[in-house]
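Below is one structure; the comments refer to it alone.
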């Protein structure tokens, strides 16, 4: 199967997510399996332009499948957005004899890869790594499953204290543009309400719903809020509004923050990462380029990179309905 | 939408799995949403025959979404396999005015439901709850995801001590007839070898592979073994064989056992359970019967119960290949 | 051993903490062991004044040892601070035939119990339940150990992403007046700096220390900050100061918040709670009153309640030194 | 404070335990703090005799405080029990210019260190690392706290399935000679019975107790059994005995095994390890030798090594009583 590709570079870029190390490991071991060289590129496009490279063999990635973060580090690069920056990157790749790239990251990462390919015809393959699950062309991005479990464990803990004190908690989870984490963890955490960017519930309806919930006998409540919820208030303003418009409530706020990006990946994310790494290397060796590997209907599939960066994945409307019914 | 169904009974049967409580909660709340009654039936078919029933409303299932096990208890029944037993069950249902049943369990449970429906024309709907993921008609059974995470966390711990001592560990995981847990957790746990019932690796190839692995520089090794692996030896016999046929190895065995069935369900299993409960109640109210709800291509779908109990789900051959490449 | 005490009431009050349920269980089972009645009092002093009581036997506390929060709920009461409030409480106790009280909570709870005892001569025994570990008379309060593990797991996750991006994180943990959680979790989380209320490091020394740390080759840093740190700035002001006074740093803030109060108690907290409940009931039956049970040199010991509420436990200076050496 | 000691060697030996890496890190950073050299010795006494050494600085131990196992690996050595073996070790130390040793392990490790010191007058300091908590001179050995939490989490999971099926589980935990793990986790896991090597309950009393427990309304039961329990039957024989002598019980066995030795250390173990490492280096630099550092009454204290290896720590009788009362 191997064509002329003899050396593959791999890097992580953008926000890190659990499973990135497992994906690196998979790319490296796939290369070892085909007896081709693998080069780890540090700090994403920054390291690519600087030639911050390291040769990796099967043993280099020992003991990382269960580690959060990325051993190759990540960074956001402004220089790579310039023609000069990309020229530097191309020169470094040529110098190192690298024939193809596997880019692990989100849509910013893929946009960079796409432009780079257009300019230099350099073979690139994308692996979707972001906790937000907002990439078209895969049902699950790397890290989404782990981040959901992290959030749900936190909600479980907060509910312990919420129900001991009959409190109302607003819990902010990640998701600036998409509500996947909020919607799923809200259902799993037994939230009474879920506020997501895709849907404008409205403050009054929120208050009505919370009052109804209290009347129905619930003494404590959890509202899960995505960072970018459409109501357009930040979570502390939400708290203030409820404080002013509802009596007898003890309202608290918890912003889960960056712990959502870390942690040992779940079984699902480790397996997904392993599959994606194999598929990425296989596809490059088959002469393909400009694709993202993804999970579609539980199978590894390729999606053209320009499709992958167009728009965001849609919220599952069935889940919205399930959420409504569950908070009966 | 509601047809003549006014009272739905729900029970869990067979081996328990994480997510069963979340499914019970979902059935109960879906009934509350439609203003129909819901009756919890204790201890599966045993309680069905004895009339061990309890009326449940939305508040009855508060605080159980994150609990392992099943608040309705489970049991295996021999009496229900007799015509007399099933007649008793039917009489109890009539007496209680129950119109339809949601059965949460595995293929044994569904077989019982199917026979019962054939004899009495009683509407039944199945929800697949088993950690083994061996039910046709759903990509994931309830509890499979959680059990995998439990196993992977245990493997991570064992690897700590394995690599400190340069040991070889055989780790037995559940899966008498199917290797889904073993295959996925083996990949996720970074196992050097995975023994599953679907594939006969052979003892000699196992030993060869382990020797090769040691030569390539690995100082410790993990072999994940499904209970029902095809080599036909139990895990202690495997250990003895390796002890006799490989020198310089310190071989240990760990049987993970029943902890795999318990634990707080993962986000995935809680969401899946919530979706399945809604779909089951919706389907009964639409006049459907004799189906199992399942996840197919990330959507809720119905599969006729007699299809669901035919055969077992197949191992994903892609995963076997990924496993081979990863242990490079 | 039993004297005239025939019925003991138990309640939780103030901020909840993991292990409170295990302590309730222990009080209830100890009463059952001695064949005396046990009454659960809901919502602390609020429920005491309202007579919100429930009789509890050994089976009532089944399955709660591993649950966070408190099944008896907690509350803060202003009315109990009045003479009238306490008279109401006394009347309710008399009406219910309760002879003695076990109060689980922090120093606010104990102050109430002490005043109540002074006025009515009612036998009271305290169990220290608070995550802050700030109560004199015990080396460990209930929930302290669990909260520390919760914090350390969160720090571990944050470090994954911090080191992937070479970031500096300020992480706020609980501890308004005392730095026990911050100091211990800072050491355990490998923090470069720890800011506690007991010690004024000063902003300049903080910045110097962080610069030195970066120079020594550390690419990411964690600073653990107690809510009430002495520098007198909140954590967002700290971030701003560092942003302004250090170049090339990507500084982030994470406030861990209320999840620190919840979660399944650790083995240590469950055993401690079990011991404390037994000791509290034993002591009441021996005719003692006005004491707090505590762990001193790994043994159950009594401390007069008025000593327990005087001042706060001191920071262990040895730990400060260990922290300094560890961040070498 | 530094005397003539210029180079300290550190190693781990015997069974590994969580916290060993944190202790290595602490020894290394303490050396860095005092500007003396630190040498990591691989595979315990084996590596000592072979000169398997590596120089370590503050950065070498980055990111290991939260890792289970030991980066220096561990081994059991028979050769070091011979005079020739120890001479080889001494020669290697001389050759490398190492002045003093920190030995992390259990009583076997300390016995070796003591003999070595007697023969060659070489300064040695011990750090107690074993999950069994059986070393005299410290209230807690490294890893004991973590192992207890691992066991309790497993028991919680098993209880989920036990109570769903009304089963009786025998759960075997580590502790060949001492019952500390069994006793503490039995209490924390809500076990009905706890079998430990220090106490011979007798099979009949066990059966009587289980019958009483069932009569009192408990539908499921957990019995925690230490490996070396005094009844003198292995756990499968126990099961058989109960199967034969009690009707209507569904009895299962779970052997938790080596996962108890691994896993990320708890906050407590990380702090303890950090303190012990500092104390060990401090003490060597003060010219002391032949001591073990330990936690006594929450303070770091030294115990002569020959005391530390004499006998085993005693079971806390108070805990036995608490256990009895809790299973009321």
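Every chain is named by a letter (A, B, C and D) in the order it is written, and numbering of its residues begins at 1.
One rule holds for everything that comes next: contacts are C-beta pairs under 8 Å (C-beta built on N, C-alpha and C of every residue); 3 or more make two chains touch, one makes a residue touch a chain.
Here's who's who by UniProt: A, B, C, D = ATP-dependent 6-phosphofructokinase.
Everything numeric here is computed off the predicted structure, so don't read it as measured data.
**Student:** Among the chains, which is located farthest from chain A on the basis of C-alpha centroids?
**Tutor:** Looking at centroid distances, D is the chain farthest away.
**Student:** Chain C and chain A are one sequence twice: same or different residues at the contact, by the over-half rule?
**Tutor:** same
**Student:** Centroid from C-alpha atoms only, then distance chain C to chain D, rounded to Å. What do you get?
**Tutor:** Taking the mean C-alpha position of each chain, the two centres sit 28 Å apart.
**Student:** If you average the CA atoms of chain B and of chain D, how far apart do the two points sit, in angstrom?
**Tutor:** Roughly 35 Å separates the two chain centres.
**Student:** With chain centres defined as C-alpha means, what is the inter-centre distance between chain A and chain D in Å?
**Tutor:** That pair's centroid distance is 39 Å.
**Student:** Touching two or more other chains, which residues of chain C qualify?
**Tutor:** Residue numbers touching two or more other chains: 156, 163.
**Student:** So, with touch as defined above, which chain pairs make the list?
**Tutor:** A-B, A-C, B-D, C-D
**Student:** Which of the residues in chain A come into contact with chain C in the complex?
**Tutor:** Residue positions touching the partner: 12, 15-16, 18, 20, 67-70, 73-75, 150, 154, 156-166, 169, 252-255, 257-263.
**Student:** Across the complex, what residues on chain C touch chain D?
**Tutor:** The contact residues of chain C facing chain D are 25-26, 29-30, 32-33, 58-59, 62-63, 65-66, 139, 145, 148-149, 151-152, 156, 163, 184-185, 187-190, 216-218, 264, 266-268, 270-271, 274-275, 278, 297-300, 316, 318-319, 321-322, 324-326, 328.
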